[in-house]
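Going in written order, the chains are labelled A, B and C, and every chain counts its residues from 1.
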Amino acid sequence: MATAPFDTASPVRTPLQTQTVDLVARFPGIVAADARPGYTGFIVNKENLVEVATAVRDELGFDLLTAVTGVDYIAENKMEVVYHAYKTTGGAGLVFKVQVERVDPIEVPSLINIWAGVDFQEREAWDLYGIKFTGHPDLRRILMWEGFEGHPLRKDWKEPFFEEETKPFKSRWPEGKHTFSEQKNPFRDNLNFPQNFDPDKYVVDKEEDLYVSLERYTTKDVEGNMKTDHIVVNMGPHHPSTHGVLRVAVTLDGETIIGLKPVMGYLHRNHDKIGERNTYLQNIPFTDRLDYFNSMSNNFGYAITVEKLMKIQVAERAEYIRVIMAELSRVQNHLIFIGMLMNDLGAMYTPSLYTFKERELILDVFEAVSGARMMCNYFRFGGVVRDIPDDVLHKIKGLVSERLPAKADEMERFLNENEILVARLKNIHVLNAEDAIRYSVTGPVLRAAGVPYDLRRADPYSIYDRFDFDVAVRHNGDMMDNYLIRFDEIRQSLRILEQALKQIPQGPINSQKPAYQVRVPAGEAYGRIESPKGELGFYVVSNGKPNPYRYHVRPASFVNLTAVEKMCVGTKIADFVALLAMLDIVMGELDR
Amino acid sequence: MDYEKLSLPNYNIPEDIQNAVAITTLDRLYNWGRRSSVWPLMFGLACCAIEMIAAQTARYDMARFGMEVMRPTPRQADMMLVSGTVTKKMLPSIIRLYNQMPEPKYVVAMGACASSGGPFKEGYNVVAGIDKFLPVDVYIPGCPPTPQALIAGLIKLQEKIDKESIKTVRWYNKEKFDGNYVPMPILGPDLIDVRRHAEIRDIAATKESA
Amino acid sequence: MYGKGILKGLSVTWKRFWDTYTEDISWILRGRKRYNTDEGIRHRSSKDTKGIFTVQYPEEQLILPEEVRYIPFLVYNVDADGKREVLCTSCGICAKVCPPQCIWIVRSNDPVTGRPVPEPTEFYIDADICMNCGFCAEYCPFDAIKMDHDFDIASYGRNIYNMEKLLKPSSYYESIRPQNFKIEAEARKAKESAKAAKAEAAAA
């Protein structure tokens, strides 16, 4: 496997990846192939969506629905919802779409009864596009707050600091007199109010919908006759253990959680809207700031998506550099995970100080090759921005072959048998494989539940098919397995790194000429990678212009969080803190 | 103890008691105590928070400046390190935290986002700088500032504290005592700054409908 | 035995605790200085680091790799008469490629000929919006804008850098990025000699 013949022209494809599904033949008259140039997949009649989706899951075996997103085709007066379904056994996916007239109310049937994992993503589409998913039990705004005016991702919605449709803005050159955006807005700030708005008469939303929905999800008392009062506790957004600015509304019976609703959007930085204004190249540094622990992985996902659209090959040496960086990034992410999990369990500082020490050494490598510790901005379409200097390559080799394996062993010796740790982790928050798939959970959390689904193996991208490694998998699905699987993954990443460092060829680091304006043909592409947190997907629609028409990020943390309700009902509130650490959420990616 | 920073330079203290005696002013003593134990609020917003955590860890070790005690509760914190993008949805919580902090309190805007909205300034959910609401003492540019840059910024804050005087600091100023309290903004169709009610109403009335 | 795992874990912290002293002592025995020296800092950032990991900024500083980027600056050459020659030709590529659009360039025309003057009249970078991505330096065709290493730039107010603040001599650039400077100087020289050869050929 390790020395498979290199055929860069046609990357190795497993039989599963080349198979095609003909939905049109199965549902004549209901489903049509998407014939727009550059597009793939099928367009399903809105009325038959649930029927087709059920068949896609049950008959065709696409059990994992990873991405749901809206697209606003304002010129055609259409609103589209795009679904990406995959098989947990691996292979290519199935794209199906629903198109509706762009006249309010825009209604599409919800698929929540088929794939529970669409919950948050449908709420997001409602929030940002105003697409009503009929049958969704809890369709509230998710990233913005109730009462916000408008649906921001619609193409006719303009933000308060709107300057021009696309970058670069004309005011910057050649007469670039510096002005603040505030001076151009009538409200002198990043604000926009409807006409004749009177703040004195405004009634603030009391979040009743949230508490009503929390009530609905609360399990009713069944045992005994004694009636106990339930307490609703709001945890966050400022809370030392919510991993950023996440808020959860919890109903407690004593110390037991009987209902829970995450509230997010406290770090919603409008990546999608800004991304549609940026040029393709300008989006790369913005992807750094999604999952800010793993900017290399984010770059990777975005780069392969746009390369898919551009239909270009990546330089051979650059492929290896990419893999090396992505795997180093995985190692340091899991190191932080271990430290942060210990912090949340109450083992403050010592374990996290140890893990951060190793992370610093990896960040030194990133700093030396890319120029920044965290926001690397290292990938370019067709390759990477600059070569790895020899001394850095030497340092990586030293880290990979000597230091990191030894330190991983040391951490295991340090923690794994600790009785307190075992008591806190073993058999707590069990997620079984079936539920994990139903909730579209990906990444280490899914693999700890016993599903060996790793995109590097299941749907190989870049050159991962050349490396010999095992997909880390554990079977209990409890917190202990989730913790241990991170060590397994560190070891597998080190294995990949060793091979990559051995095989890395000399040569150019970019197949393209450096250009700040790339030509991207019209079409759509969904690129996904196995980021350390799970499946990181980018859905990019191009209309041939220098800026993407639609730029959507399918974040791993966001979708993984869908399962949190299911996992923690019936457990103790003290364990919930550890659960958040276990899911390894990062707010930059979750809220975007 | 660090007497050289405490003692006034123009007094000649005999050498043999230099380590035991310091002649100083009340201001200097006050500032010395303050600068040497700035406790930050344990409060992270975005990417910069990770660099803030890194600054607390072994390599940079903010404990050397008396800043290692990250207090999760605002009641025990002296400094709010606004580390990351301030969104409109998060702003009321930040202001509430600030109002709960006891005086003296300092605000450090870490990174581009907290200073002015940074690369996300154009976003519809982003507040263009925390200084629109809170009095910021130090701005640290960078996206994100490296831990060393953060420490450099915090040294700037210490220098600022050194120049303070009990007579002039705003929290002992009886006339504008309310200056330390910032009214909470409201989340309406957009972020409503309650101090600007009349202004917003007037501009909204003259606005043309879209 | 209950508690065995904890003890096993404590042995790791114990070893780390001892490493601090053994490492310091071994440096002393070898007659080397572990603190406040380049060698010591380099060793502390290497794969063999053991014991104390702290680099005590501001007394010591981490050794920054050449590629480190912070806020951009503009490069100028000093010619023989001591006159400043700004390399920027106000072509505007940096302003166009800047992702958060924080670069503002004023280009002016010569009052006599009416043609654009290469040197920018004013050049602003909003340092509080800049995301340190380095695109401006990467795509500048004249090597006129470069990323700075200076991170000690915190201030008590907003930071909008104008041309005066942005301009730094090429000797400074050479000092922070010697290798890049060398490569670029060689490329420039090669280009000039090619040009000269071409002109000679045309003249002949």
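Note that a contact is a pair of C-beta atoms (placed from the backbone, for glycine too) under 8 Å apart; a residue touches a chain by one contact, two chains touch by 3 or more.
Given the structure is predicted, the values throughout are model-derived calculations rather than measurements.
Undergrad: If I average the C-alpha coordinates per chain and also across every protein chain shown, which chain's average lies closest to the global one?
TA: A
Undergrad: Let me spell it out: compute each chain's centre from its C-alpha atoms, then which one is farthest from chain B's centre?
TA: A
Undergrad: I'd like the Å distance between the centres of chain A and chain B, where a centre is the mean of that chain's Cα atoms.
TA: Once rounded, the distance between the two centres reads 32 Å.
Undergrad: Centroid from C-alpha atoms only, then distance chain B to chain C, rounded to Å. What do you get?
TA: Computed value for the inter-centroid distance: 28 Å.
Undergrad: Check each residue of chain C and list the ones that touch at least two other chains.
TA: Residues 53, 99, 126, 131-132 of chain C each touch two or more of the other chains.
Undergrad: Can you list the residues of chain B that touch 2 or more other chains?
TA: As it turns out, chain B has residues touching two or more other chains at 58-59, 117, 119, 121-122, 143, 146.
Undergrad: What are the residue numbers in chain A that touch two or more other chains?
TA: Residue numbers touching two or more other chains: 285-286, 289, 357, 360, 375.
Undergrad: Going by the contact rule set out above, which residues of chain B touch chain A in the complex?
TA: 42-47, 49-51, 53-54, 57-59, 72, 84-85, 87-90, 93-94, 97, 117, 119-128, 132, 143-144, 146, 186-194, 197, 200-201, 203-210
Undergrad: For a test of understanding, state which residues of chain B touch chain C in their complex under the given definition.
TA: 58-61, 64, 112, 115-119, 121-122, 129, 131, 137-143, 145-146, 148-149, 151-153, 155-156, 160
Undergrad: Hey, which residues of chain A end up touching chain C in the complex?
TA: Result: residues 167-169, 171-178, 278, 281-286, 288-289, 350, 354, 357, 360-361, 364, 367-372, 375, 377, 385-386, 395, 398-399, 402-403, 410, 413-422, 514, 516 of chain A touch chain C.
Undergrad: Flag every residue of chain C that touches chain B in the complex, lowest number first.
TA: For chain C paired with chain B, touching residues are 53-58, 61-62, 70-71, 99-100, 126-132, 151-159.
Undergrad: Which residues, counting only chain C, touch chain A once they are in their complex?
TA: Result: residues 2-6, 8-9, 11-13, 16, 45-49, 53, 64-65, 67-69, 90, 92-93, 95-99, 101, 103-107, 116, 122, 124, 126, 131-135, 138-139, 147, 160 of chain C touch chain A.
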